[in-house]
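Data block below; observations after.
To keep things simple, chains are lettered A, B, C, D, E and F as they appear, and every chain counts its residues starting from 1.
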Amino acid sequence: MTLNKDLRIGRHAILLLLSDQPAEQMKKLEQSNWKGCVGKVGSMDAHKVVAAIETAAKKNGIIQTDVYRESHALYHAIIEALHGVTRGQVQLGSILRTVGLTFAVLRGNPYINEQEGEWIAVSLYGTIGAPVKGSEHETIGLGINHI
Amino acid sequence: MTLNKDLRIGRHAILLLLSDQPAEQMKKLEQSNWKGCVGKVGSMDAHKVVAAIETAAKKNGIIQTDVYRESHALYHAIIEALHGVTRGQVQLGSILRTVGLTFAVLRGNPYINEQEGEWIAVSLYGTIGAPVKGSEHETIGLGINHI
Amino acid sequence: MTLNKDLRIGRHAILLLLSDQPAEQMKKLEQSNWKGCVGKVGSMDAHKVVAAIETAAKKNGIIQTDVYRESHALYHAIIEALHGVTRGQVQLGSILRTVGLTFAVLRGNPYINEQEGEWIAVSLYGTIGAPVKGSEHETIGLGINHI
Amino acid sequence: MTLNKDLRIGRHAILLLLSDQPAEQMKKLEQSNWKGCVGKVGSMDAHKVVAAIETAAKKNGIIQTDVYRESHALYHAIIEALHGVTRGQVQLGSILRTVGLTFAVLRGNPYINEQEGEWIAVSLYGTIGAPVKGSEHETIGLGINHI
Amino acid sequence: MTLNKDLRIGRHAILLLLSDQPAEQMKKLEQSNWKGCVGKVGSMDAHKVVAAIETAAKKNGIIQTDVYRESHALYHAIIEALHGVTRGQVQLGSILRTVGLTFAVLRGNPYINEQEGEWIAVSLYGTIGAPVKGSEHETIGLGINHI
Amino acid sequence: MTLNKDLRIGRHAILLLLSDQPAEQMKKLEQSNWKGCVGKVGSMDAHKVVAAIETAAKKNGIIQTDVYRESHALYHAIIEALHGVTRGQVQLGSILRTVGLTFAVLRGNPYINEQEGEWIAVSLYGTIGAPVKGSEHETIGLGINHI
């Protein structure tokens, strides 16, 4: 069941966001049999962050639109990632803060054992703070789920 | 108050952990006027993770041992980082899971404005899962505080 | 202080919801000296779920409208039940999910000892998921309080 | 993606626990192609509740012992069920309370669409309260996950 | 249902703790028909804080020992007060912190309307911090429940 | 690092709110070198509570408007205080409750050691309950941070 060191899905998902060329990085990953996408979202509404990631994942064919188990896997990965971003209450505008985030969704098998099948990682990186330009610090989140 | 793009403390703190040579990376950062340290901790006790990071930060002179305000800043940054790692309840063994983590602590001013003074970032990266070899997936956390 | 096996208020409150004829079941319970009501609510707003249950309980005379201690007991029982439904954050639309629930409120003494007086149970059963027909799974919650 | 009314996995999992003959009920479900098991656990340690359920599920062949994705699905379903039981903090003895629970694990496809594959439900029912005989009330929890 | 300004139970419960002579203050309150007690507890275990308050309340006759509904009311008031003290996770030693607290329990009717019956307030005041002398700041909590 | 008994910032911040003449009390504190302000806010929106306190603190010169580290310190102190007020979920109207609060912000060094520098305390006192006059009980919160 051991993680394959070269296939660490979470590490890849975060490096994508911290890279200066996320789109190019994504292409390289696709050549190694990963599926994935990157995007941006800024909002005071947590549900808009969720929606932006779900939409991007569906539009890019990372998850199947009409199979609930895939949406379910993605949803929980997103919420787990948001825990890292929000650190306590999964709330933004309702406690007067806003986020500006890049996100990545990555899909593939990070384990040596093929039976482990596919997993999904959602990574978030950006800033969180008051709805005042510059009154913000960095934030990160990672959610991982079997799919 | 804007973040200085080259001085993003959270991004640096995470890249340190994802790097293949964290110690060398740390040296480069020190040459750019950052203070910091890296370390490892594996445990089923969240308090041992907290203690390992606090001890490393004090031993490496990242925070002053005898000034409570510095410990206080670090403590809250650690707990925030643990929220990303645990995603819901800051608990490990008490809900039958364990972590194997690398950590970094970084100190410096990430803002363009000098008045913003020093900030501290705590980053965590590793695995979380059942206390069974290989039954685990990746996890990440980042906490940032003014110091 | 032991629970009376035949008078387990939580068990009754849930069986009501899982029954094919909740209204008939409710009548039987009323004959055994329970007060109670059943209802339905679907919403993306947690506060509408709370309001629907409070309104039903007042309209059916389960709690006294003008005595705050009874509303207080009911309110906390509702919020406890919502914890089971939401499993982590008592939030619905704000994290892009919706519920379709049936609910029951039951009032009576589940203990052998008469001194234990009256208690109130709120049970919730239904589905939770994305605001997309069928993208949902079941969910349940139970809150119990002295009244 | 719609739930099949006769195959509501959560409802079945809870009715098992509220039944007077859970073992016989389980047999009937097995004849309808469900896999499942029931058991009991009493503890002040949440991790012992988790362990009891995991052990029963593995011993009864509900999940594969050597495939992490199956343990991962079960683990998250257990933790979600514990949210219903604990209603706020997934803690027992550490805040001076104890549980006496029956549990069920059920596996199968609750959806009309075969593509939705297998799902797992963990249900919990029993009492929670002070570590004093009789100072307790009922509690319930349900966790559902794709597997 | 309005609160009686002179009988604000929470305000009284906190002033007791902030007073220089809590015991004398308690006597005055008893002359105005309040029941109550004050005490001290220092611990890294949240369950010891709960136990200390429960024991004091029973020993001083604030709640009836053999009536579960009274213990239940007190327990939830204690846990609510601990939320104010811990601000996020009701955990002490498990995340490497300790408390030194004074506590008060007060019982009576704070409302103008007699029908509102008796309520209970639990107040906590003291310090929270690292298990190192002086590495701590103040903390407060208040829980109120009908009884 | 020991707290100076006469300079307990949290105690002062709460006594201000429980005093019959908060404005006069505030003046006395200012003569002892504390900075601070008091105010009132009633709302079903947690973000309006946050905004009211931030605005008051800036308008009264308790924190510097254009230095993010000061806003950051205040923000976290406010959120910590709200934990005491909300006891579980930092939510008001979204779970059908409202608050009527007085608040105080106090700034100064509560420690014997001058090196500990300045700290900030946010205290909240008032009522929380249903959006129905009188259906409410008291609530309190305190957040303390280095600044």
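The definition used in the following text is that contacts are C-beta pairs under 8 Å (C-beta built on N, C-alpha and C of every residue); 3 or more make two chains touch, one makes a residue touch a chain.
Note that the coordinates shown come from a computational prediction; the quantities given were computed from them, not determined experimentally.
Trainee: Check every other chain and keep only those touching both chain C and chain E; list them.
Mentor: D, F
Trainee: Fewest touch steps from chain C to chain F?
Mentor: When the steps are counted carefully, the minimum from chain C to chain F is 1.
Trainee: How much rotation, in degrees rounded to the nearest 5, is required to superimpose chain E onto chain F on the basis of Cα coordinates?
Mentor: A turn of 180 degrees brings the C-alpha atoms of chain E onto chain F.
Trainee: More than half overlap in residue numbers between the two sides of the chain B-chain E interface, or less? Answer same or different.
Mentor: Counting which numbers both chains contribute, under half are shared, so the two copies meet through different residues.
Trainee: Between chain A and chain F, what is the separation of their C-alpha centroids in Å?
Mentor: The answer is 36 Å.
Trainee: In whole angstrom, what separates the CA-based centres of chain A and chain E?
Mentor: 43
Trainee: On chain F, where are the residues touching two or more other chains?
Mentor: Touching at least two other chains: 1, 68, 72, 88-89, 91, 94, 111, 119, 134-137.
Trainee: Would you identify the shape of the chain contact graph, picking one of line, ring, star, complete or other?
Mentor: The chain contacts form none of line, ring, star or complete graph.
Trainee: Which pairs of chains touch each other?
Mentor: Chain-chain contacts present: A-B, A-C, A-D, A-F, B-D, B-E, B-F, C-D, C-E, C-F, D-E, E-F.
Trainee: Can you list the chain E residues touching chain F in their complex?
Mentor: 1-3, 8-11, 14-15, 18, 80, 83-88, 110-111, 119, 121, 123, 125, 127, 133-144
Trainee: Help me check something: in the complex, which residues belonging to chain B touch chain F?
Mentor: Against chain F, the touching part of chain B is residues 1, 66-69, 72-73, 76, 111, 113, 115-117, 119, 145-146.
Trainee: Sort out for me which residues of chain A touch chain C in the complex.
Mentor: 45-47, 50-51, 54, 68, 71-72, 75, 79, 82, 89-91, 94
Trainee: Where on chain C does chain A make contact in their complex?
Mentor: Counting only chain C, the residues touching chain A are 88-89, 91, 93-97, 129-130, 132, 134-137.
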